[in-house]
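Here it is, the structure in full.
Letters A, B, C and D mark the chains as written, and numbering starts fresh at 1 in each.
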Amino acid sequence: MAYYQSQPVAGRHFLQIPGPTNVPDRVLRAMDNPTMDHRGPDFGKLGKSLLEKVRQVFRTEGPVVIYPASGTGAWEAALVNTLSPGDAVLMCETGWFATLWREMAERLGLAPEFIHTDWRRGADVPAIEARLREDRNHAIKAVCVVHNETSTGCTSRIDEVRRAIDAAGHPALLLVDTISSLGSIDYRHDEWGVDVTVAGSQKGLMLPPGLSFNAVSEKARKAAETARLPRSFFDWKAMLAANETGYFPYTPATNLLYGLDAAVDMLLAEGLDNVFARHDRFAEATRRAVRAWGLEIQCAEPRHYSSALTAVRLPEGHSADALRAAILERFNMSLGNGLGPLKDRVFRIGHLGDLGPLQLMGTLSGVEMGLRVAGVPHRPGGAQAAMDYLAGNS
Amino acid sequence: MAYYQSQPVAGRHFLQIPGPTNVPDRVLRAMDNPTMDHRGPDFGKLGKSLLEKVRQVFRTEGPVVIYPASGTGAWEAALVNTLSPGDAVLMCETGWFATLWREMAERLGLAPEFIHTDWRRGADVPAIEARLREDRNHAIKAVCVVHNETSTGCTSRIDEVRRAIDAAGHPALLLVDTISSLGSIDYRHDEWGVDVTVAGSQKGLMLPPGLSFNAVSEKARKAAETARLPRSFFDWKAMLAANETGYFPYTPATNLLYGLDAAVDMLLAEGLDNVFARHDRFAEATRRAVRAWGLEIQCAEPRHYSSALTAVRLPEGHSADALRAAILERFNMSLGNGLGPLKDRVFRIGHLGDLGPLQLMGTLSGVEMGLRVAGVPHRPGGAQAAMDYLAGNS
Amino acid sequence: MAYYQSQPVAGRHFLQIPGPTNVPDRVLRAMDNPTMDHRGPDFGKLGKSLLEKVRQVFRTEGPVVIYPASGTGAWEAALVNTLSPGDAVLMCETGWFATLWREMAERLGLAPEFIHTDWRRGADVPAIEARLREDRNHAIKAVCVVHNETSTGCTSRIDEVRRAIDAAGHPALLLVDTISSLGSIDYRHDEWGVDVTVAGSQKGLMLPPGLSFNAVSEKARKAAETARLPRSFFDWKAMLAANETGYFPYTPATNLLYGLDAAVDMLLAEGLDNVFARHDRFAEATRRAVRAWGLEIQCAEPRHYSSALTAVRLPEGHSADALRAAILERFNMSLGNGLGPLKDRVFRIGHLGDLGPLQLMGTLSGVEMGLRVAGVPHRPGGAQAAMDYLAGNS
Amino acid sequence: MAYYQSQPVAGRHFLQIPGPTNVPDRVLRAMDNPTMDHRGPDFGKLGKSLLEKVRQVFRTEGPVVIYPASGTGAWEAALVNTLSPGDAVLMCETGWFATLWREMAERLGLAPEFIHTDWRRGADVPAIEARLREDRNHAIKAVCVVHNETSTGCTSRIDEVRRAIDAAGHPALLLVDTISSLGSIDYRHDEWGVDVTVAGSQKGLMLPPGLSFNAVSEKARKAAETARLPRSFFDWKAMLAANETGYFPYTPATNLLYGLDAAVDMLLAEGLDNVFARHDRFAEATRRAVRAWGLEIQCAEPRHYSSALTAVRLPEGHSADALRAAILERFNMSLGNGLGPLKDRVFRIGHLGDLGPLQLMGTLSGVEMGLRVAGVPHRPGGAQAAMDYLAGNS
C-alpha cells in the first residue's frame, strides 16, 4: 500500500507507466537527507562533482544545465535560450508530446512548422531533409525532435536526423527531447551533433519528477548570445557562470540533487551500455508478449520500436481505459493511458528505469490477467512468450 | 540494487524466502523516526495503545508480551516461564524448526519427547492424543507444536491438537510456535485454548527481525508462578507489570515498535480474514504452478498445506542450491533453502507478508525461468497455471 | 554528519541560514515514499485535497497555483501571467532579492521603476503612494513588493501598501513576494487585497526547495486574459483548469507534494497564529542577544523587524564571512552570508521554519562562541539575554 | 514534532536522556533499507566485515557476539555462558543498574555478593581487592562491574579493578557492563584483561535499542565449556561457530545490523580517541554549568566523573520530576529521571552519542530555563560558563 492509496492494498504498487518510474530505494534514501546550505563549501564540492558526472549520461563533454523544474520547463528552456520571436522551427509530429512542444513554441511566439506522421513511427527523416533543402535562405532556425515519443512508443533516429541536416547543408540547430529516453535508450549528444538535449529526472534517471536538464553545445551557446525571446528563470548564462564553481544562481532543488548523485552512480556502476541492453531486452520480451496475445503494437516501424515503453492497441469496440481501471483495481498496477487521438484506444506499458526481469514478468502477467478480467479478446501465452525469451536471454 | 548487494543489479530484489519478508515502505518509514524517551509520557501512550491493539492479531483478549529479541528468544521465553528443570514436554517433529525447538528444550534442562513424522505433514494429532492418554500421572507438562513448519510448508491443525488434549483429559499446557503463520494463516489463541503463542516480527507481521512475542493464557501465568527454570530477561512477571501502564521493564526496541504500530494498522485495515484469504489464494496459485511444472510439493497432506510458503522437491540428481544460486544471479530473487535432511533437496517459495498478485507472478516466473536456466527437468506452464487461477480468483 | 559533509563531524548540522530551513522528519519521511501515477485516481484525491488545504496558509479562498519549480520561477510566473512587454511596474528596493526581481523584470522586457531605500527598512509606503498619485494615466500596471527581504531582515507592511494604493485610487495590481515569510510571518492574501502572492517551499513551509506558488486574485486572473508576455511553463490557465479535478497539466513534483501535504498539516495542527507568535518570540530573543553583544541589527526600523531572520552588522574592519567560516568549522552551523553591498558586512541568522527554543539557543550560543573564536569585538551575555526572555515568555 | 509526540510541537525533540541517544540520520537511513536474505551470499559478506570491524570499538582482537536483543539480554548472556548454578559472584553496587544486574544474578540462581557504595562514586577497588584476597579457595567465580553507572554518572576505573584482581592473585573472571560507555568513554577490552564486555546499541553506538554485545576473552570461552547455567538463545557456542563465515545461527536483526555498519564507520571516521575527547569536553562543560547554577553533581569523586552523562541533585524540597516535566512541556527536551533511591532527587543530562557543541548548548540552556520556570533555586550563568569553556576548547 503506497502513501496515497486510498484503499488498503497488500503488496507493492506496480508503477508501470512510462514515467515517472519506480524510484530505487537508494535514491529515495539519498533524497531523505537534511537539506544543506546551497552556498556553503560542501555544496560546492557536491555541485562540481555532480555537474561533471552527469555529462557522462548525456555522452557529452560540454555543460549540462540542471533546472529545479520539471521536464516541461526544460522544453521551454531549450527554445527561449536559442530563438527569437517569430523564428521558424521545424518540428516533427511524432505524437502527443511532440504536439505539446509545438503548442508551447506557438505560445512563446515562435513559428513552428509541423512535419506530420501517423503517430505510429518516429520522425520522418526524408521529409526533414527535403524541407531543409527547400529552405534556401535558412529561415528555419531549429529542428526539434522528440527522441522517444512517450505517447506512442516510437523512437526517432537522431543519428539519421543529424545526417539529414548535414546532407541539406542547413545551419539549423538540432534540439532533441530525451525526456523518456535518457538513461534508457542509447543516446549520444556529442557524437550526433545535438545542440540542446532536453531531459527530465523521472524516467530513465530513476528520480521523482522535479529536475530537468539542457545539455548545450557550443553552437547553442553562441545562438543564445543573440536569441531574443525573453527569459530569466531558464536563462543559461547565469547558470553556466555559477556552475563553474559548483553553485547555482538561485536555490537549487537540493534534495533532488542528492537523489541525482545516487542515480548517476547507479547508472555508471551498471554501465550505460548494459543499461541500454537491459532496456532493449525487456522491450523485446514485451513485444513478444503483445504479439502472443494477438494484439497490435502501436509502433508500426520495427526500426523505431521504443526500448522504454510499448503502446498496445485495443481491438475495436474495447476500452483501454476500462482495461487499465480493471488492472489497477484487481492487480494494483498503473499503466499509461492513451493521449490525444489515442485516448482509450491504447494503453502503454512502461518498461524503463530501475526494473528487473521479475518486475517485468509481474507486469506482463498483470496485463495478461487484466485482459482476461476485462473481457478483452486475446490469446493467452504472452507472459509465457516473454519468459521463453528472457530465460534464453536475460 | 538493495543496500548490501555487492553487484550492481537493476530493479528491486525479490525476497521470496519464507521470512524475513518484504517490509512495506510504510513500516520502514515508521521505523525511520527518531528514537524517543522510553520512560516519557508519550511513550506510555504509544505502548498502551500498541499492547492493546496487537492482541487482535493473536485473536486473544489476554496479554501479549513483546520482547526486544528475535523469535528464537520467544521460544525460550515460552519454555522458561512455564516449566521446571527436568519437566517432560511432548514435542512434534514437523521439521527443522520443531527439531531446533526440541534441542533448545534439551539445552534448557527439560525432557522433551518427540513424536516423529516424515517432515511431509503437520503434527500427528492421534499420536499426541494416544501419548497423553498413556500419561496417566500427568508427567507431561506441556505439548509444543509448530503451527506452520517453515522448513517443510506443512501447517499443523492446532484446533485438532486442542481437541486431542481435551479428549485425553490431560492438563498439559499447549505451547504453539506461530512464527511463520501469525498474520498469514488463520490462528486463534483464545478460541483454540492455546496457553503460550510464540511469534516473531519478520514474517506475516511484515517487520524486520528483532521483535518477538508471547501471548499468554491465564493458565500459563498461573504455571509461571511455580515454574523453576532460571529466567530474567524473558521473565513475564516484570513485563506484564510494566505493560499495565504502557511501559517496559527494560529498554524496548523503540523503532521496531513504531514499525509494529504501522504494521498492525495495515493488517487491521485490510482485515485479518482478508489477509488470510489472500494468503490462501496465493498458496493455491503456487501449488498449481508447481504441479504444472511436474514437480512435487514437499507437503504430502493437502489438509496441511501451508498458506505461507511452499517447499518444492527437486527431481533426484538435481541440486536445489544450484537452482537457487542461478535464480539469485540471473533473476535477483532469493528463495529459501532446504534445511537439515532436506538440504539441497527442496527449495522454498515464500508467499507471505506484504505481497500482491503481480509480485507473486514475478516470483513464479522467476522460478520457472530458473528451472530452465539451471537445467532442471520440468514442464513449462506453471506461471500460466497460476495466472489462470488468479485471473479467475484474485 | 549530514549527507554531504566532507569531514566527519559529530552531531546534527545547524542549518540556520534564512532558508532552506531544517526539514522536519515527518516531511522527509512523507517525501520518501514511492512516486505515484500522476494521472491515476488516487493522485486526483490527493491533489484536490492539497490544493484546497494549501489556501489556508495563504489566507485566501481563491486558487493557489503550485509549480514544480523553485521560488525564482514563481517570481517569473507572477510577472509573465499578468503583464505585457514594456509595461511599467513599480518595484521597491528593499535589498538584494528585490533587486534580483527587478533585474528579472528587465530581462523579461518590462519597464521596472525602483523606489530606493537604504536596505535597512521595508518598502517606502509614502513614496509608493506618491508615485502612484503622480501616475495619472495609470501607466504603472503593477506594484511589486518583497514582503520579507531575506537579505536584510526587513519586513514590509503589505497592509499599508494596500492602503496606499487604494488611497491613490490606482488600479495597479499588487504582487507580493512572500518567499521567506509565508508560514512564518502573519500574511493575508485576501484581506490585504494582494493580486499575486509568490511563495516557495523551502522556508516557512519547511520543505526542501523545488516547489513554488502563485496565489491568484480574480483581478489577476482577469489581467492574465490580456497579458501578452510569452509564457507556457508558467501559464496559469492550463494549471487552473487541470487543478479543478486535482490534476496538473504536466508532471508535478510528486514527492515534494507528499511533503507539502505533511507540512501543511503540521502548520495547521500548530495553528497559524501560534506559528507566527513563535516566530515573533524567537526573533525578539535573537534581537535581544544581538543588542547584548553590542552589535547592530541591519534593520533600522523596529516596525519592520523580520520575524524570520535577523541580519547582524559587523564592526568595521571585521569580516562576516570569516566569522561564518569559523562558526561552520568549529560549531557545525551554517549562517546566511551578506549579499550584494552587504557582502562580508553582515551575517544573517535564520530563525524560521521548524524550530524550537533549544535549537534557537544552540544557534545563538554558536554565534556567541563564534564571535569569541573569530575575535570579533563583542560583549558576552547575548545568549543569556535570549534565555532570560524565553524563560519568561517561551 | 517527533513521530509519537501527542501534541504538535515545533522543532526537533531534544532527547538528552543518557540513552537511547539521538540516532544520526545516516544510521536511520541505513536501517531504512529492505531486509535481506540472512542466509544469502551478500549477507555473509556484510556479516564478516561487520563482525570484524566492530572489534575495533571494543579494542579487542577477539570475537564479539552480537545479539538481536536489548542490553539486558547481553547481561544475561555474560552470566549464563560463564557460570554455574550457585556460583559466587562479586558485584559492585555503583547504583541502580548494578543493583538490577545483581537481582538478575539472583534470579538466575547465582550467589552474588555486593560491595556497597553510596551511589556517588564508582566501584570500590580496594574493597574488591580485599574481598578477593580473603577468598583463598577461589569460591568467587566472577567480578562484575558496571563501567559507567547510568543512574549516577559515575565511571568505575576498570584498569584499577584489573590490577586489584591481579594483585590479589585471584582467577575470577572480570565481567564489565559498558552499556552506557562503549563508544563514548575510553575502554580497552584486551588491554584491561576483561573477560566479557557487555554492551548495547542505543548509547554511544548511536543506534536504536535492539542489539547487544558480548566481547569474549579466551578465558571466558574456556569457562563457557564447563559453565552449567541453562542457556540456548544466548549461548555463545553456536554464535561463534556461525560467525566464522559471517552468518548467525538464528535470524539476526538485519536492519539494525545495517545501522551498526554505518555507526561503526562513523565512529572510526571520527577516530575513537577524538570521540572520547569530545565526550570528555562536553562533560566538563556540563559540570561547569552545574556548578555555576550552584547545584550539586551526584558524582562526588572527580576521578569517577562520567563523560557520558551528568546526574544533578536538586536542593531539598524540590522535585526533579516536576522540573523534568516542565522542561519537557515548555522546551521539548527529555532528561533522565532519578532511579531507585534517587527517584525525584536527581535529574540526568545525557551528553553522549551523536552530539555537537550547539546541541549541548541547547540542552544546557533548556536546563537553565527549566530551573527558572520550575522555580528551582539556582544562579543563572551555567550555560554561559559552558560556552566560556567550549569557545576556548571546543
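One rule holds for everything that comes next: a residue touches a chain if its C-beta (ideal position, glycine included) is under 8 Å from a C-beta of that chain, and two chains touch if they have at least 3 such contacts.
Here's who's who by UniProt: A, B, C, D = Aminotransferase class V-fold PLP-dependent enzyme.
From a predicted model like this one, the values you see are computed outputs, not experimental measurements.
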Pair exhibiting more inter-chain C-beta contacts, A-D or A-B: A-B
Chain whose Cα centroid lies at the greatest distance from that of chain A: D
Centre-of-Cα separation between chain D and chain A, whole angstrom: 53
Chain B and chain D: spacing of chain centres that average the CA atoms, whole Å: 34
Gap in Å, rounded to a whole number, between the CA centres of chain B and chain A: 45
Multi-chain contact residues (two or more partners), chain D: 2-3, 12, 22, 25, 29, 32-34
For the chain C and chain A complex, residues of the former touching the latter: 2-6, 12-13, 15, 17, 19-23, 28-43, 45-46, 67-73, 75-76, 85, 103-104, 107-109, 200, 202, 208-210, 229-233, 235, 250-256, 258, 328, 334, 337
Contacting residues of chain C [partner chain B, same complex]: 25, 29, 32-34
Chain B partner contacts - residues on chain A that touch it in the complex: 1-3, 8-12, 14, 22, 24-26, 32, 266, 269-270, 275, 278, 330-333, 354-359, 361-363, 365-366, 368-369, 372-373, 380-381, 383-384, 387-388, 390-391, 394
